[in-house]
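What follows is a pair of complexes built around subunit A, which joins subunit B in one and subunit C in the other.
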Partner chain A sequence: MRLPKGISERSFRNALQEFGAVVGNEWVFSSDEDMALYRDAYTPFPGEPDKQYLAGAAVSPTTVEQVQQIVRIANKHRIPLYPVSTGRNLGFGGSSPTYTGSVIVDLKRMNRIVEINTREGYMILEPGINFIELHRHFKANNIPYVLQSPMPGWGSPVGNALDHGSSTVVRDNYSLVRGMEVVLPDGEVLRTGAGAVPGSKLWATYQYGYGPFINGMFSQSSLGIVTKMCFSLVPVWETQQGFTLTSYSTADMQPIIDALLLLQMQGVLDGWGIESPIRESMSTNDGRRPYGVPQVKELLRRADGGSVAEWDALGRSSNIPVVRGTGFARGPTSVVDARLAHARSVLSRLPGVAFELGRAAAGADIPAPTIEFGFLAIQEANLGHYYFAPVINPVAEEIFALNDTIRRTLLDAGDFELLDNFGWSAGRGAFFGGKVLWIQFEFLVYEDVAKNQRRRELYKKLVDVCTKRGWLLPRAPVAFQGEAMGQYSFNDDVLRRFHETVKDALDPNGILAPGKSGIWPKHLRKS
Partner chain B sequence: MTSRRTFIQAGLAAAVSIPFAKAFGSLPPAAMPLHAVYFDQRFAAARAFGEAAVRLGGNARAMSGAVHDFWYHDLAPRWRTRPIAIAGMTDPQAVFLLEMMAADVGMRVVYRGHHLPQSSGRYAHEGFGPPHARRAVAEFDVATRNWATGAARIVAHWPLAECSIAASTGTNVGAASGRALGHQALVSWVIAPVTRVG
Partner chain C sequence: MNGKTTCIAVLTAATSLATGSAVAADASRGKLVFETWCKGCHEPLPGKGIVPPAGTYTLRQRYGDTLPAALEQRADLNPAFIRVMVRNGLRVMPPTRKTEISDADLEALIAYLVKTP
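Moving on to the complex of A and B:
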């Protein structure tokens, strides 16, 4: 039995017995076969069990009342808990706890759709329902709203939003969150926003309520177990249509970004993206298939990364664009047509840039979420991956600086495999109102312990160099959450100290998700 | 009149019974009902496995790597009301996905056989699960030609008794995780509802 440090086996077993009295013994898991599922399937530490974050047991409640009782029992015995919704955040830790010996509170059985209001456009969900089953419900009931799902769709809308996840539709799922219901570390149930006014009908539509707005306290956090979440819904659009802008000159990247960003801020576009296809053409990141020419890798492996003139010449000779901008609009067809006509009139003024309208697609044609991963572990005998995903502002100079920094760091480490995998990236589209570019690449994990160790050190090195440039990580795998929080060091780490103050006040026994996002309870905190 | 098909199936059933008789000393144990036996038709060995499963009376279903469609349309709705076991021989990715989704309804992988292609074109084998299954897999070596048929026998008559989670079953199926198998490897497996003992 894997115990949390400082907890006796007797206390742990007593707690498990008491959990069993609450949820039924069949829903308390502690066998090796069961616990094999409550781990990071993509752990950065294969073959190093002493470094992995391993759960001691798991308990699966079905009601808020059971969650409250579990929390109170945990306080009584000082047992650390770690809640997971579906536990499928692969690449960021999956269902691994942040502290070995924790009892996973597996919320998968709390999978009700509490309410869907099609008139006011909201839904209230429990954490255990996944995108696929929710989509099934939407389809079966002809609900005229879009479900924004990442791929694969086996994750939880609640869990995804709480980790600041994204989808192809809104790109910031948390922005759709309204009210929440949360079990606090002392077992009390809290409802945020208008939900705190008994009888209010605005819980799912008006998130602020009165006084300090506390929704954010429960995202990426260890301050409560979210048992219900209200989401605003996006209506299915009649049409979505996009366009591409292509250029064979690196110098066009900034004017293209400027034009696309302005169009989104004006409400003409619903999203935009930027790429350098020639530079990205040999990357295998995210399961991509290389389609470029060998000189791409040669240039990226050079210390100088290739000159602008060389890249522009290579793009022309291989007929692969040097810059590609994309944008799209969605809504009623007549409105989309008008918006794109305006976008075209503006963008056509960019000299040397070709505008091409894409195919229109009906909103009903949005692909349903599936459980297939386009790429997965077990390709080329790797054991998984974890993400390095910094964000930057949408400035060409920053894009090139970030890529150059990552490239040089990998080159200095002699990790050509990772360099070839990353290649080059301007992200997969602009997020958060079009003002943030999110670059994400995967560190692959193998059976080679020494290689994995070097890779982890490289990850930390990248965090370090990015921190010096102000490039932050908005999400991080469990293994690197301390490093991610360490970036936010303004004013002598006042943010982390603030988090610790709140943590100590709300969770004095430190039982909820110790270490989550690099925030530790007092008794586990390093001085 | 007994048809040739029935006769062959009876003969095969008798042949299948023998290893169980060896393991358990007398009559074969009660077999767990299997909803389907999936095989990845992209691989010759998996096709042989599927054919053997048919001969053994299994509901063999071909697939080509992707699991979403049959999980979504068949398994997910079925499992919501009554989890029922499945078995198969697929690539590692498929069983990884199915294991995840089966866990949502309390099912577990109770057996895994890893079949790793060698440069000779043959396969090396390793079994994870209760002792009877590990012994059966251990009888395959790189020279064994009809190992896919043997793998089908292991899954087709999986004993109900080996679907419990308890310290006494002696299973080592947990040790199978964390192995890098490569995308040409095959995995034979059983995913089943489990009971918890003690």
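Moving on to the complex of A and C:
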């Protein structure tokens, strides 16, 4: 039996017995066979079990009352808990805890759709339902709203929002969250916003309520177990249509960004993105397929990374754009047509930039979320992956600086393979209101333990160099949560100290998700 | 009507189906389990996405022409193998917990896959 440090086997077994009395013994797991299912499937530490974050047991409730009782039992015996919604945050830790020996509170069976209101456009969900199941319900009941599902679709709308996830529908899923219901570390049930006013009908539509707005306290945090979440819904659009802008001059990148960002801010576009296809052409990052310009690798491996003139010449000779901008609009067809006509008139004024309208797609044809990560199949043999995913502001100079910094760090480490893999990236579209570029650098995990160790050290090095430039990580795998929180060091780490103060007040026994996001309870905190 | 719907979630427990025997009911349920959890990676090539289904693609690389790569086309799957693979996963295929596919649903999935010619 894998015990949390400092907890006796007797206390642990007593707690498990009491959990069993609450949820039924068949929904308490502690055998080696059952606990193998709660590992991080894509652990950065294969072959190094002493470094892995391994749970001691798991318990699966179905009601809020059961969650409350579990939390009270945990307090009584000082057992660390770690809640997961669907436990499928692969690449960021999956269903493994942040502290070895924790009892996973597996919320997958708490999977009710509490309410869907098609008139006011909201839904209230429990954490265990996944996007695929929810989509099936939407289709079966002709609910005319869209789901903001990332791929694969086995994640939880609740869990994804709480980890500040995103999708191609809304590139900031948390922005759709309204009220929440939370079981606090002492077992009390809290409802945020209008949900705290008995009889209010605004819980799912007006998030602020009165007084300090506390929704964010429960995202990426260890301050409560979210048992219900209210979401605003996005109506299915009649049509979506996009366009591309292409240029063979690096100097066009900033004017293109400026034009697209302004159109997004004006509400003309619903999304935009920026790329340098020639620089990215040989990348195999995140399942990309290289398209055959070997000189790209040579330039990226050079100390200077290639001059602008060389890249522009290579793009022209390869007939691969040096800059590509994308944008799209959604809604009623006549409105989309008008918005894109305006976009075309503005963007066509950019000298040397070609505008091409894409094919319109009906909202009814939006593919269902599925478990599809076919890109994993076409990568080299691996045991999974984790993400280094910094965000930057949408300025060409920053994009080039970040890429150059990553490139030089990999070169200094002599890791040409990883450099070839990453290539170059400006992310896959602008997120969070169109003002943030999110670069997602996938680190593969191998059977080679030494290679995995080197890569993990390189990850930490990248965090370091990015921190010096103010490039932050909005999400991080469990294995690097300390490094991620370490970036936020303004005023002598006042943010982390603030989090610790709140943590100590709300969870004095430190039983809920110790270490989550690099915030530790008092008794586990290093001095 | 006020535009509200309130309901319970799908796949919470094995449902009893109106058609025929327990075996047929299990296989029908198993098909639903397959479509929910397996199909995205294990449908036949080329698949419906922009990249091939990961599981089928990988098995095609492994088996070549000696065995069908799509699981539903296999005639040689045995229950023990399916149980181990579903529960424990392999390489980039993650494990599947009992709270995701219950033991009963796993048996239904087996009834579906082992039946398929």
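In the analysis below, the second predicted complex is superposed on the first by the 523 of 527 C-alpha atoms of A that agree within 3 Å, B and C clash if a C-alpha of one lies under 4 Å from a C-alpha of the other, contacts with A are read in each partner's own complex, and residues count from 1 in each chain.
Rule of thumb we're sticking to: a residue touches a chain if its C-beta (ideal position, glycine included) is under 8 Å from a C-beta of that chain, and two chains touch if they have at least 3 such contacts.
Keep in mind that what you see is a predicted model, and the values were worked out from it rather than measured.
A.B. asks: Judging by the criteria at the top, classify the pair subunit B and subunit C on subunit A as clash or fit.
C.D. replies: With subunit A as the common anchor, subunit B and subunit C collide in the superposed model.
A.B. asks: Going by the contact rule set out at the top, does A:Ile132 touch subunit B (first), subunit C (second), both, or neither?
C.D. replies: both
A.B. asks: A:Thr333 in the overlay: touching subunit B, subunit C, both, or neither? Say first, second, both or neither.
C.D. replies: Neither partner.
A.B. asks: Would you sort A:Ile143 into first (subunit B), second (subunit C), both or neither based on which partner it touches?
C.D. replies: In the superposition, A:Ile143 touches subunit C alone.
A.B. asks: Touching A:Asp34, do we find subunit B (first), subunit C (second), both, or neither?
C.D. replies: Both partners, subunit B and subunit C.
A.B. asks: Does subunit B (first) or subunit C (second) touch A:Gln17, or do both, or does neither?
C.D. replies: After superposing on A, A:Gln17 lies clear of both subunit B and subunit C.
A.B. asks: Please work out whether A:Thr501 is in contact with subunit B alone, subunit C alone, both, or neither, and reply first, second, both or neither.
C.D. replies: A:Thr501 sits against neither subunit B nor subunit C.
A.B. asks: Applying the touch criterion given at the start, work out whether A:Lys108 contacts subunit B, subunit C, both or neither, answering first, second, both or neither.
C.D. replies: So A:Lys108 meets both subunit B and subunit C here.
A.B. asks: As a test of reading the superposition: which chain, subunit B or subunit C, is in touch with more residues of subunit A?
C.D. replies: C
A.B. asks: In the superposed arrangement, which partner chain does A:Ile371 touch: subunit B (first), subunit C (second), both, or neither?
C.D. replies: both
A.B. asks: With both complexes overlaid on chain A, does A:Asn382 touch subunit B (first), subunit C (second), both or neither?
C.D. replies: Both partners, subunit B and subunit C.
A.B. asks: Kindly point out the stretch of subunit B, out of 129-137, 165-173 or 183-191, that overlaps with subunit C after superposition on chain A.
C.D. replies: Clashing stretch: 183-191.
A.B. asks: Does any part of subunit A touch subunit B in one structure and subunit C in the other, and if so which residues?
C.D. replies: Residues common to the subunit A contacts of subunit C and of subunit B are 34, 36-37, 39, 41, 86, 88, 108, 132-133, 136, 154, 370-373, 376-378, 381-383, listed in rising order.
A.B. asks: For a test of understanding, state which residues of subunit A touch subunit C in their complex under the given definition.
C.D. replies: 27, 29, 34, 36-39, 41-42, 58, 60, 86-88, 90, 94-95, 106, 108-109, 111-120, 126, 128-129, 132-133, 136-137, 141, 143, 152-154, 287, 367, 370-378, 381-384
A.B. asks: What residues of subunit A sit close enough to touch subunit B in their complex?
C.D. replies: 25-26, 31-37, 39, 41, 43, 46-47, 86, 88, 108, 132-133, 136, 154, 370-373, 376-383, 446-447
A.B. asks: Quick one: in the complex, what on subunit B touches subunit A?
C.D. replies: 66-68, 71-72, 76, 91-93, 96-97, 99-101, 103-104, 108, 110, 165-167, 171, 173-174, 177-183, 194, 196
A.B. asks: Taking the touch rule as given, give the residues of subunit C at its contact with subunit A in the complex, in rising order.
C.D. replies: 2-12, 36-41, 47-55, 57-58, 87-89, 91-92, 94-100
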